[in-house]
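We just call them A, B and C in the order they show up, numbering each chain from 1.
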């Protein structure tokens, strides 16, 4: 006769404490990651709604859906939300927070209370910016160029600037936490050369967060002060220099794009190795390429200013450096492709998103080389070519990497599997929708269609309609995961500790992990991505 | 082992956070964290320093004239005040490390007094500049004070003053935060929180205080001492 | 290309061919690498799928391969860098003898003033096969002068002049767009560039400009605003003699030497204390708020014309003064 087995629900970070206070006052990095997941998803939908409005308006050449002022606010707010409140925090704040302590074998990040503070700063900054948007909007573009933003705009520039300022400190402190954690909290045996490349990537991004973000903070503070007190640091009527604003702004905002993409590249390194069952090709090269991107990324900012009135010699220098920064990214793409060579490959959803990333990031990165070429840049800067370029790297690259990571680590974070069929369908819709939306924009840009245009000449309509059609497919591709991820929380299949049979400390503890992560401090004796010696059955620590 | 040693170690154990293996790791980590934070502060002030360098290079004469309206006596006094406060702060850290909490509290209190002294002198200077219409904005009006040498470029002198108020204002804000942090150390110190085995909060606040002092040591010559020829 | 589904605008300037050439090279190389990566991924994904290749072969890396795919792309990029820079250098150096058009951009229109005194709003008339140099400034925010058919673009800034130039090779009407976001009607700040055959251009030129050339307007302003009181041409006045000053180096009171270009003349009118000429006192009053952008351009054109007057010799009573000691 079979004995009834009494199951006691194992303690994990989700059920260890109930009640809203236990979440809002948590210092557990995993709970903070979930808090971020919810807020960032909400911001993504808001930014996406603004995108939908933009694409609907652009179905027709005339500006007939919304007024000019409203349109200007729509693209501004789309940019601000997507850049500052979605892309920059996305992988670091959600996946980085959750996984870095697990990957290095620590019980938490170095400064857990600071970690919670970063979420509150993010919420405060987000709320401030949203209030500015809801009570009238901002219409300066996410780039806040002066003197329009300081003198001529009649919108809530100061509110938006302050919101971004506050959220900037969230980013700075997150980066600080990651750097200190990776330096000081690694488990015994976890040498730098054994660190997962996800950690290297987030480390490089954290360097940029820490060094670059304070500059945009002070710049936006000066814009707010100038607007409030008419002080004239950037206003030529009062002796100031609008180009100084552009230099200070881009000094951060260019490295910021590497903050956005580097963590995504880290995700891809984890996924390509797991679903090829292989150690990564060229570990040191990928690790050092991440650092190279972070360093070189600080040296290229004025490539946003080739037609702005800088000297020819300055332009030459920045053009040359901009080619240099493309090379480490290319090296990574080649290394990931080589990792697949003679691997043993399966087509799980994370891997499908990784394929999409590699292809689309290649296109996006190569079109960056177009923009680094001075002669071509003069023609295509400030046109839809640039819009297409950055959406290829940010959406085709980064958002796909984020989706890949969410799918890959969802079982670890929630203990549940998502439905694979629906997930594959969504990945396909995202891929098709994305290319349909943004590839026509390269053509539009070279034809001369400027960006931030509410109305356009009729000969650009066909491509615009195609782009909007793509956007609706893309939207469906993003809605489906919202639904099935939530569905999986209740009805998803139980995931064990390691549903993918992946190598890594995070896969050796239960799903969802216990609050204290590891019963005993792990001692690492294996190399990174040691798929050669990964046994078929699951290995767990202690349980 | 003396009874006081046992108490010290217990205090340290209570202060050990759960995610650190031992107090050494906690101390190393928190120091590293503070150094990283100071690095971000350098970048934060750096934007203003960059704007200052650019405008000073292009509009030197305007900056000279603005700088000559600064009160060098008060500025130098403030520099001396801050350097002394860094001394008392450093001695306070040493006292904490030596297990002399009462001495630490006294030294930190002197540091706070000196900090307030700095802010008080700054307030006097600000008041003077305000009365002279040297605050940027619609009411800005610049006079060199020397009828033989009228202002050559008041527009760019206004930018000098914008940077003066922004840079010293940001510095003063950091002083206020610093005083708050030192006050917190005083209160915790009075309750016996710091021992030779656990003094890293004191060390870290000390680092912060020295950094804020260092920023002033750059600001003083940059803003007050631009030209040797002080027309007065 | 395909008339109904074009991939690039008309090539209406001499430079357009070069820009398109570089663009197509970039497309070719990018397409090659993109297709290569996609092909390899698909190939590996199929050839090494789990069902036919159950055991992965562990490969750590390969230094020769890493060096190859670092250095080869770097080399290719240097080709792009060289060609792109050559084009950019040409764009930055308007040829001597180019005809000049002054542009004032404002929210949300383009105002053009020709040397002959004609004015245009939102429509630029230029002759085919001549070098045309645009000297531009903004009355308010940053704008950007963009003519896709010429492949040129240059931001137009408040507070200073920026320039660009082109050489139209084909008569026709081409789009002019503002390419730097400037507020509500940014997308309405568009116009046309009308490139005309020589005969048509002559006809158009004689049709307008009744108020005199730009330089003569400037001369009138020079008298009306009282500039002539200090900037005398016959004797040493309280201000420097402006004959032949334009585009020459000038020694300043603080020891710097600057070139007297359009921006220098403009700044000296609006903020004379910023660059005081060596040997002179900083007594020139500012004209900020008293001269419009158009007036400034007329004055600049006038000062430019003084250089040519000197070269031509004593044509009027405003000449023949010996070089003043401080203008080198």
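Rule of thumb we're sticking to: a residue touches a chain if its C-beta (ideal position, glycine included) is under 8 Å from a C-beta of that chain, and two chains touch if they have at least 3 such contacts.
In this text, all values refer to a predicted model and were calculated from it rather than measured experimentally.
Novice: With respect to inter-chain C-beta contacts, which pair, B-C or A-B, contains the greater number?
Specialist: A-B
Novice: Could you tell me which chain's Cα centre is nearest to the average position of every protein Cα atom shown?
Specialist: Per-chain C-alpha centroids compared to the overall one single out A.
Novice: With chain centres taken as the means of their Cα atoms, state the distance from chain A to chain B in Å.
Specialist: From the centre of chain A to the centre of chain B is 36 Å.
Novice: Determine the centre-to-centre distance between chain B and chain C, using the mean Cα coordinates as centres, and give it in whole Å.
Specialist: Those two chain centres are 46 Å apart.
Novice: By residue number and range, which residues of chain C touch two or more other chains?
Specialist: 271
Novice: Could you list which residues of chain A touch at least two other chains?
Specialist: Residues 239, 241.
Novice: Counting only residues that touch at least two other chains, what does the list for chain B look like?
Specialist: Within chain B, residues 59, 153, 155-156 contact more than one other chain.
Novice: Quick one: which bits of chain A touch chain C in the complex? Just the residue numbers, please.
Specialist: Where chain A meets chain C, its residues are 63, 68-69, 72, 139-141, 145, 147-148, 151-153, 236-237, 239, 241-243, 276-279, 281-285, 306-309, 312, 315-316, 319-320, 323-324, 326-327, 330-331, 333-335, 337-338, 340-347, 355, 358-359, 362-363, 366-367, 369-370, 372-379, 381-383, 443, 446-448, 450-457, 459, 462, 531-532.
Novice: Sort out for me which residues of chain B touch chain A in the complex.
Specialist: It is residues 17-19, 21, 25, 28-30, 32-33, 36-37, 39-41, 43-48, 50-51, 54-55, 59, 136-138, 153, 155-156, 158-159, 162-163, 166 of chain B that touch chain A.
Novice: Given the complex with chain B, which residues does chain A contribute to the contact?
Specialist: So the residues of chain A in touch with chain B come to 106-112, 114, 172, 176-177, 179-180, 183-185, 210-215, 217-219, 222, 225, 229-233, 238-241, 244, 248, 516, 521.
Novice: Residue numbers of chain C touching chain A in their complex, please.
Specialist: Against chain A, the touching part of chain C is residues 5-9, 18-19, 22-23, 26, 30, 33-34, 37-38, 40-41, 44-45, 48-50, 53-62, 65-66, 69-70, 73-74, 77-78, 80-81, 83-89, 91-92, 107, 140-142, 144, 146, 148-149, 151-155, 157-160, 162, 175, 177-188, 190, 271.
Novice: Of all residues in chain C, which touch chain B in the complex?
Specialist: Those residues of chain C that touch chain B are 254, 271, 273-274, 276, 282.
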